[in-house]
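Presented sequentially are two complexes of chain A, the first with chain B as partner and the second with chain C.
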Partner chain A sequence: MSVRAVPRATGFTRIVRAAHGRAYPRLIGNFRDKTWTVYEILLPLLGTFAFVYVYKALHAPDRFVGYVIMGGAMTAVWMNVMWMMASQLWWEKKDGNLELHMIAPCGLLPILLGMSVGGIFMASVRAVSVVLLGSIAFHVSYSLTNIPAFVLVFVVALIGLYALGVTLSSLFLVWGREAWHTTQIFIEPVYLVSGIYFPVRALGFATGMIASVIPLTLALDAMRQLLYPNTHPKLLALWVEIAILAVLDVILILIARTSLKKMELMARREGRLGQES
Partner chain B sequence: MARAVPVLAQPAPAPPRSTAARSVDSASGGFWLGWKIESNWTDPFRFITYQIARPVGGALILVFMYYAVAGGRRGPVLGFFVVGTAFWPLVVGGVQATVRGVLEDREAYRTIRAIYTAPISYRGYLVGRSLAGIAAMGSAAVFVTLVVGRVFLGVHLTLTPSSIALTVVATAFGVGGILAVGLVSVGAAFSTSHESWSMPEAIGAALYLVCGAIFPLTVLPAALRALGAGFPLTWWLEAVRRVLLPAATPRSFPWASTGYVFAMLAVTTAGALVLAASLFAYAERRARRLGTLDKETSF
Partner chain C sequence: MDVPAISTRDLVRSFKPRRSVGREERSPIVALDGVTLQVAPGQLFGLLGRNGAGKTTLIKILVTLLLPTSGDAKVAGFDVVADAPRVREKITMVSGGEHTGYGILTVREQLWMFARFYGMPSRAAKQRIDELLEVVGLYDERDRKVGELSTGMRQKMNIVRGLLPDPEILFLDEPTVGLDVGAARDIRAYIKSWIAAKDGRTILLTTHYMHEAEELCDRVAIIHKGRLIADDSPAALRRRAAGGSAFLLTTESLDGAVALDRLRGVRQVAARAVDGRTELRLVLEDDGVISSVVQALADARRRILSLEKVEPSLEDVFVRTVGERFDEPGSEG
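And then the complex of A and B:
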């Protein structure tokens, strides 16, 4: 019996195949075991509602409820970036899959790209669910007139956030148990400086600008400007924020690429790839 | 001079005589292990930074939400936020440590078979892990957030020996409530897959809504108010606020006396523990029947 030789994929085809191969289990897994909808959508949605009731208790204007809903939607993306991108290589190390990823003839970047695709699907489902269910439950109205700009902000933000996720994943590659705890540190403090539940301008202009290193900050401010054009206390002009986000994307992608190479080399040299802690 | 007896020549240690003693032994073992896992992952400086960053970050989110609306004015609701965010990390720490105890043993260290089949009380072990999480992740948060609230935000806290004693008593019941939530969460983790890692955060977020952690229950719709009143955590936070904050602070149960709040705290904690033990037993039996107790899942 002869074995049919499969032609070796090279270049872009290999990247696409590897990314598809890694995205596949995430996408299919979501449909096979649907319990994630409870923990990823329903319960976090209730957490978002809690912040809505804080504003209700403070008798805040209605737009603040909209702020929380949009913030809740973006927390879905951020949590996905932190748990399913940044710390994923650490999970893989603990699961014993990392060695397989490392010897695969495609490199780590296409694998992380595949993870991002699967992650973006989950995060988008959760974000859209938060916006839809939250808006219906609290009768939130938006004044969105520039939908293409809104979509552009969301896409540019996603690229930046997932590039940041890849950068962090390279750090987590060489870390041990501190990876899990570091993920935890990136939750509340990041929500605070990004203005997830309040306009970032409340932190002051200087703090807001420093916090803009995280794409979440400017993305949320830009989205809120588009949703509440006349009342939102903006940090910067809309198109300036979009331009900064685009520049951030490029910088973060370059950093991600370099950092991943460096950390991979360091992890190989110091023998930390298969080291569990 | 007495000669040292070689280890192998010593008699095997006698097993504990009662189930209670075995549970206490298992809980202390679980606590010791949990404390090591929670605290020795880094150097003391980073550990302390980690202990401070999260709770202060959580408290300041609410403070800035408040200032974004109130525009710099201060009011009694600020104290409500500070006390809620100070004590809430105990809930997150306790539930997270219990669920992580199972998930790490199952998915990461793959020790669940050895631990589960060992002659210990598995429930006691999980209770120990939960208490370690409460101590490691929550205790500093309470102190740091209250100090930040008092010193930087000007929140008036009643810190007399009697108020501190009552806070400790209320928190002891609160810990009972946290253990109950932790056991139920573990029961759910027995039958769920990889996303169980995010389950404690999700459960914490959901309880945030109904337990009056960051706003008075009076602003919730009636059905959610009734649901919230069923949780010991709600009565615990209400009791702590009544003890630590001035009378002008908003309350989740404005119609109830402080004595009634403490009585309800005791009753709901007892009920929650009984219910949690039953649900855990059911989930454990189901997981054993389906063979999911040690089933690894990861995608």
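And then the complex of A and C:
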């Protein structure tokens, strides 16, 4: 079998290549399997529409419809973080891919980075689709003047959310199905405390601040401030919220890295990396 | 002296059974119990054992997926616990019955993705993938989705994945399990040609199939209940199982005319009369002793009608070493 060997990069180049490699199935999957349009756009949109009708029935100001549409968009992102990021290592373990990922010399972090990049692309497409469809359906108008700030908030939020996803995914290295419960804790309660369908200030300042541990809370509040600059009941000043989100990103990335290392060691010690039935 | 490709010393791995509600805590299961072995670079080393014998546990420790409970293990000179990242630079692993990968990708895309994990540049990786797919006869399927492949095709693709980064040490865990005869034979052929193509390439192969170990391995170890109970070349193991060199010799009727068992180097003689001839089953100290036997028969004016060297199979070796048949029921999964 005389096939010539190919030189292999190490260091940063390999990290980039590995991340690119793992992002690819996610990116290409968008075009090959279009069922996501149903369960990741249309279905969340139905829930969103239900809240729109609640506000309409109450004759709430129009901006509340905008709040709900933004919440619906961020739900798509949040669901992607939970299903396609946090629990992804469980699927990888179930399919036997995890062992191959673990023994690859690039390490797990670039692979998770690739999953995140692919996930961020998918989530962004979904979020934009929800905003467009929702806004067209309900003739929502926004007074967005600072587009760069809006994009900045969205990007900073995505980084934090996906870092949180990586942290949660590390739990699946050790705990399989048990980690589902942890993930479940992060789904429904987060809808409530992050103010997905209403301004988080309604929960009170203290609760809002506690809920800000999840980047979704401040991201939604900041985006709503930018969409409705004069009328939105803000939690904190816009740039304070952006600064906190940026700090959260750093903290969550560090936690993700540490957690991944510890969980990998624990999984190797306890023999939990193998395929689950 | 070369650094061994693989070395272990007193390797122990036990598992705590998971506790279930209302049940008493059970004692740990010992999967590996003091395994010590050395595999030199360039060897194709076979590990034989029944299900639950400890083969996969050993491989998982060596490929850094599992930590040993105690003892040391080194791969390419690096400790599998302290230097796991360096070990990973040198190895790949292919398991039998693998259904890994992403069904949505094509064969080529799937292999490309794994190549990227090893830091290979895109274009060169694609070129190598095509070359290897050609070698294993899967080139025409390169644009087919992984989810649509047959088991045999999938395993050939997995073999390509294992060879793609050109590892120093390849771990093959039951690579032909569940494959049809043709696909298994093809895979054995690639394994042989891969290791022969470059000096220093090493393979650790676990298998259920004795004939596979016979055909492929330079050295074979038998593992049973977590212990290594034999470790030698297949020929030496067979010789040991036979108690020496075994021959089957047919001659004109002897009727006690020659006392072969008194010859130096003859360990055992079993004679039986068949159609007016005598069939002798001889166990000799070594192959050279047969000349004394032939001479003794010539001196007694008995013609030799046939002479055949009898090789016990590895299956016989296994039965004699372990004391049970290889496929005996009751083995753990």
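Here is the rule we go by: the second predicted complex is superposed on the first by the 272 of 277 C-alpha atoms of A that agree within 3 Å, B and C clash if a C-alpha of one lies under 4 Å from a C-alpha of the other, contacts with A are read in each partner's own complex, and residues count from 1 in each chain.
Here is the rule we go by: contacts are C-beta pairs under 8 Å (C-beta built on N, C-alpha and C of every residue); 3 or more make two chains touch, one makes a residue touch a chain.
Note that the structure is predicted; figures quoted are calculated from it, not measured.
Chemist: May I ask you to decide whether A:58 touches chain B, chain C, both, or neither, giving the answer as first, second, both or neither?
Modeler: first
Chemist: Which partner does A:100 reach: the first (chain B), the second (chain C), both, or neither?
Modeler: The answer is second: A:100 touches chain C but not chain B.
Chemist: Residues of chain A touched: more by chain B or chain C?
Modeler: On the superposition, B touches more of the residues of chain A.
Chemist: Have a look at where A:189 lands relative to chain B and chain C in the superposition and call it first, second, both or neither.
Modeler: After superposition on chain A, A:189 lies in contact with chain B alone.
Chemist: So, A:33: does it touch chain B (first), chain C (second), both, or neither?
Modeler: After superposing on A, A:33 lies in contact with both chain B and chain C.
Chemist: Return first, second, both or neither, reflecting whether A:148 touches chain B, chain C, both chains, or no partner chain.
Modeler: In the superposition, A:148 touches no partner, neither chain B nor chain C.
Chemist: Counting only touches as set out at the top, which of chain B and chain C does A:13 meet: first, second, both, neither?
Modeler: In the superposed model, A:13 contacts chain C only, not chain B.
Chemist: In the overlaid three-chain picture, which partner chain does A:43 touch, first (chain B) or second (chain C), both, or neither?
Modeler: It touches chain B, and chain C stays clear.
Chemist: Chain A residues touched by both chain B and chain C?
Modeler: 25, 29, 33, 95, 97.
Chemist: So in the complex, which bits of chain B are touching chain A?
Modeler: Interface residues on the chain B side: 37, 41-42, 46, 50, 53-55, 57-58, 60-62, 64-70, 77, 81, 107-108, 191-199, 201-206, 208-210, 213-216, 219-220, 250, 296-299.
Chemist: Okay, in this complex, where on chain A does chain B touch?
Modeler: The contact residues of chain A facing chain B are 25-26, 29, 33, 35-36, 38-40, 42-44, 46-51, 53-61, 64, 79, 83, 91, 94-95, 97, 176-178, 180-181, 184-185, 187-192, 195-199, 202-203, 276.
Chemist: Quick check on the complex: what are the chain A residues that touch chain C?
Modeler: Answer in residue numbers: 1-10, 13-14, 17-18, 20-22, 24-25, 28-29, 32-33, 95-97, 99-107, 110-111, 265, 268-269, 271, 273-274.
Chemist: Can you tell me which positions in chain C touch chain A when the two form their complex?
Modeler: 15, 60, 63-67, 85, 88-89, 91-93, 95, 98-102, 104-105, 109, 112-122, 124-125, 127-128, 131-132, 135, 161, 163, 165-166, 190, 193-194, 197
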